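Accompanying notes for the structure given below.
Which chain is which? They are A, B, C and D, in the order written, and residues in each are numbered from 1.
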Amino acid sequence: MGGGAKRFFPRDSVEFGRVINFSDGLFAIAMTLLVVEVGVPKLLHENDVRELADDLADLIPNFVGFFLSFAVIGRYWVAHHQMFSLLRGVDTGLIVRNLVYLAFVAFLPFPTALLGDYFGNPLAVTVYAAVAAVVSGLEVVLLRHAYRAGLLRVRIGPDVLRWGTVASVSPVVLFALSIPVAYWNTTAAVAVWFLSVPFGIFMDRHRPEGAELLQG
Amino acid sequence: MGGGAKRFFPRDSVEFGRVINFSDGLFAIAMTLLVVEVGVPKLLHENDVRELADDLADLIPNFVGFFLSFAVIGRYWVAHHQMFSLLRGVDTGLIVRNLVYLAFVAFLPFPTALLGDYFGNPLAVTVYAAVAAVVSGLEVVLLRHAYRAGLLRVRIGPDVLRWGTVASVSPVVLFALSIPVAYWNTTAAVAVWFLSVPFGIFMDRHRPEGAELLQG
Amino acid sequence: MGGGAKRFFPRDSVEFGRVINFSDGLFAIAMTLLVVEVGVPKLLHENDVRELADDLADLIPNFVGFFLSFAVIGRYWVAHHQMFSLLRGVDTGLIVRNLVYLAFVAFLPFPTALLGDYFGNPLAVTVYAAVAAVVSGLEVVLLRHAYRAGLLRVRIGPDVLRWGTVASVSPVVLFALSIPVAYWNTTAAVAVWFLSVPFGIFMDRHRPEGAELLQG
Amino acid sequence: MGGGAKRFFPRDSVEFGRVINFSDGLFAIAMTLLVVEVGVPKLLHENDVRELADDLADLIPNFVGFFLSFAVIGRYWVAHHQMFSLLRGVDTGLIVRNLVYLAFVAFLPFPTALLGDYFGNPLAVTVYAAVAAVVSGLEVVLLRHAYRAGLLRVRIGPDVLRWGTVASVSPVVLFALSIPVAYWNTTAAVAVWFLSVPFGIFMDRHRPEGAELLQG
């Protein structure tokens, strides 16, 4: 089927449900596939506890990578869940933007595996931070399209939208800032990502009235 | 359970929902599995930025393949979403045709991986184009079955159906045309696939009245 | 949470929906994972059409295995879809039996990969036929439990149930019969599986009144 | 989007449905991925029945691991299904706890593969038991949060909650107890896990009034 005409599917339609079900399925798969990238070690002596312990210790970066990425993608899912709870429906523009967003979510297992295998390599940290920044940035694109196209079921003022945009853009900035840090120390770069927690608390204290609905 | 009797499941039934949920799950998995085919490079020096950069550069065709196929399958999903939004229900005939269609969707990660590894090989492009052409062709089969079996919830005239068929068949023609081109230049063959964008705009300008519902 | 007490969840409950969604997700994944088992060939000369053609020819049993198993699991999904359309709800007993049934569905990608790699090996055919026979047999277990526990939303007599059981058991018999045939000729064994098509037509012509609802 | 504010989504909302659909998708994928870890053997003589038989015999621990883990995760799914059937809605706190719980469910294919490859290694049994104990423990966390936050749609007294907690904690204790046993005999350790069956029957006989709703 062809191209451009816009259509609108309200919240209680089968079609709205499909967009959500499809997104949830993709999120669930991307989060579960992460474990496939953690390969089972090959032992010389199958029943040797010490050898298995050593091999599992070598996999610690992979385990950290799994739980880190599960947390990152899980946070994206929570944000997606929250944003779609504000919508009175979807249009073709949001469906297409959502697919672009999901493409980068589906791609995340690759930088996760890279980070797990080469945690000390600044370029691995860079690739991870860049892909995560793109996902966070596309979150803003989705929110602003929903606002402009009149898809929100709540009335929010421009100050609330600005506040919500800052809250969503902040991970982009943190991921970008972490890239030069990675070339000095990769662990410090990953630590920068966790600055989003105190920043989230700060944003929470400075939110304008009427912004409760944009909050998790 | 046995064979032939036809049954009808209306739009608001649990059974209609299952056909859609199952299709969405399969689409989501096929799109997410694409990333598994992109293997993580094996480095000699784990923390060597230059070596990782070189290895990632070698993977560029795989990244292109991932995003290209995500776009191709995503477009099929949008078309499936649109077509099913026209249905007042499904019958056994549509369920079976939908499964045949989904078999080729589920198969797409294989030609995608082939294209990623051997982008310069005309046969890899041929296999990809052939499978994609089959999926586009089956889209037409689904639409025409829905029309003939009276499953559409909108009244469309034969001119609208003809127009919709041309719009759906056009990717088949483009994929078929790209195959001989691939034996001259594989990049040119992939470029032919993108002709669907201006063709979609052309079709949009020449659509008959009453065809809005067949549009995205 | 503990053990034995039985609970009933009607058709319009969230819990009935979960059993169905979970089953559909598992079917969709099992059918899509089949393609992962088809490995991409490793070429010595990346752009050599003839070498790729030879390697793809070697993969023909894997392609046959993929589409065969997609058809087999797809047929199970259609049967599951039909059986659940007869239910007025599910109880704990059906949920547990459904999980056992799904365990063997989820296991099917293994015998499929085995069959794809060793199509000429009678034992590969035996393993495939045995697992498929178990799935078909468990279909009967689900149907009879639903009948005995009063979960059906249609009244069917014992002759209809007997007829439905025969229709469901027949693939078990065909798969079992194919095993000794495999030790003479594996292609003939696979051909036996396709006898289910004429048998389905035969069953269709001999179904008792009131059995329409057990039909696809 | 930012941090802390709590929101409530009632049982009939799209958002409640998403939490459930996402969980079901993740469970289904974790259970189906288990089979990917069972690799197809490489035969020297493709059609040699005896060689394939020997190789399949070597895979028996992997088959046991697949069905054991399918049963374990399936049991978790049944418990999740039961607990969510008690809820009148979800809040942000439950959504986050549910994601932590699902992270460990999604991780289970790794210890399963480890157990399949090194069934005789006490450390492989330890890792499996530890992860399974964490999942069982998080089940209790979910239940107690739902109770304290007033998310349950039934009124249960503190004795019923205590009883439900004991029933949920018991697998944690059994998994923990099995770890020292594994260093004496790994098969005995796995046997300890099956003690949950008679314990479940015991708990069933000693449940207080009003606890039927916490039962499966």
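Points worth noting:
As a convention for this text, contacts are C-beta pairs under 8 Å (C-beta built on N, C-alpha and C of every residue); 3 or more make two chains touch, one makes a residue touch a chain.
What you see is a predicted model; the values in this text were computed from it and never measured.
Homomeric contact subunit A/subunit B is classed as different-residue, with under half of its interface positions used by both copies. The chain with its C-alpha centre at the largest distance from the centre of subunit B is D. A turn of 90° superposes the CA atoms of subunit A on those of subunit D, with the angle given to the nearest 5. Subunit B and subunit C have Cα centroids lying 26 Å from one another. Within subunit D, residues 21, 25, 29, 33, 36 each touch two or more of the remaining chains. Interface of subunit B with subunit C (complex): residues 1-5, 7, 9, 13-15, 18-19, 21-22, 25-26, 29-30, 33, 36-37, 92, 95-96, 99, 102-103, 106-107, 109-110, 113-114, 117-118, 120-124, 127, 183.
Listing the residues of subunit B that touch subunit A in their complex gives 11, 16-17, 20-21, 24-25, 27-29, 31-36, 38, 40, 43, 46-49, 52-53, 56, 66-67, 70-71, 74, 77-79, 81-85, 139, 164, 167-168, 197, 200-201, 203-204, 207, 212, 214-216.
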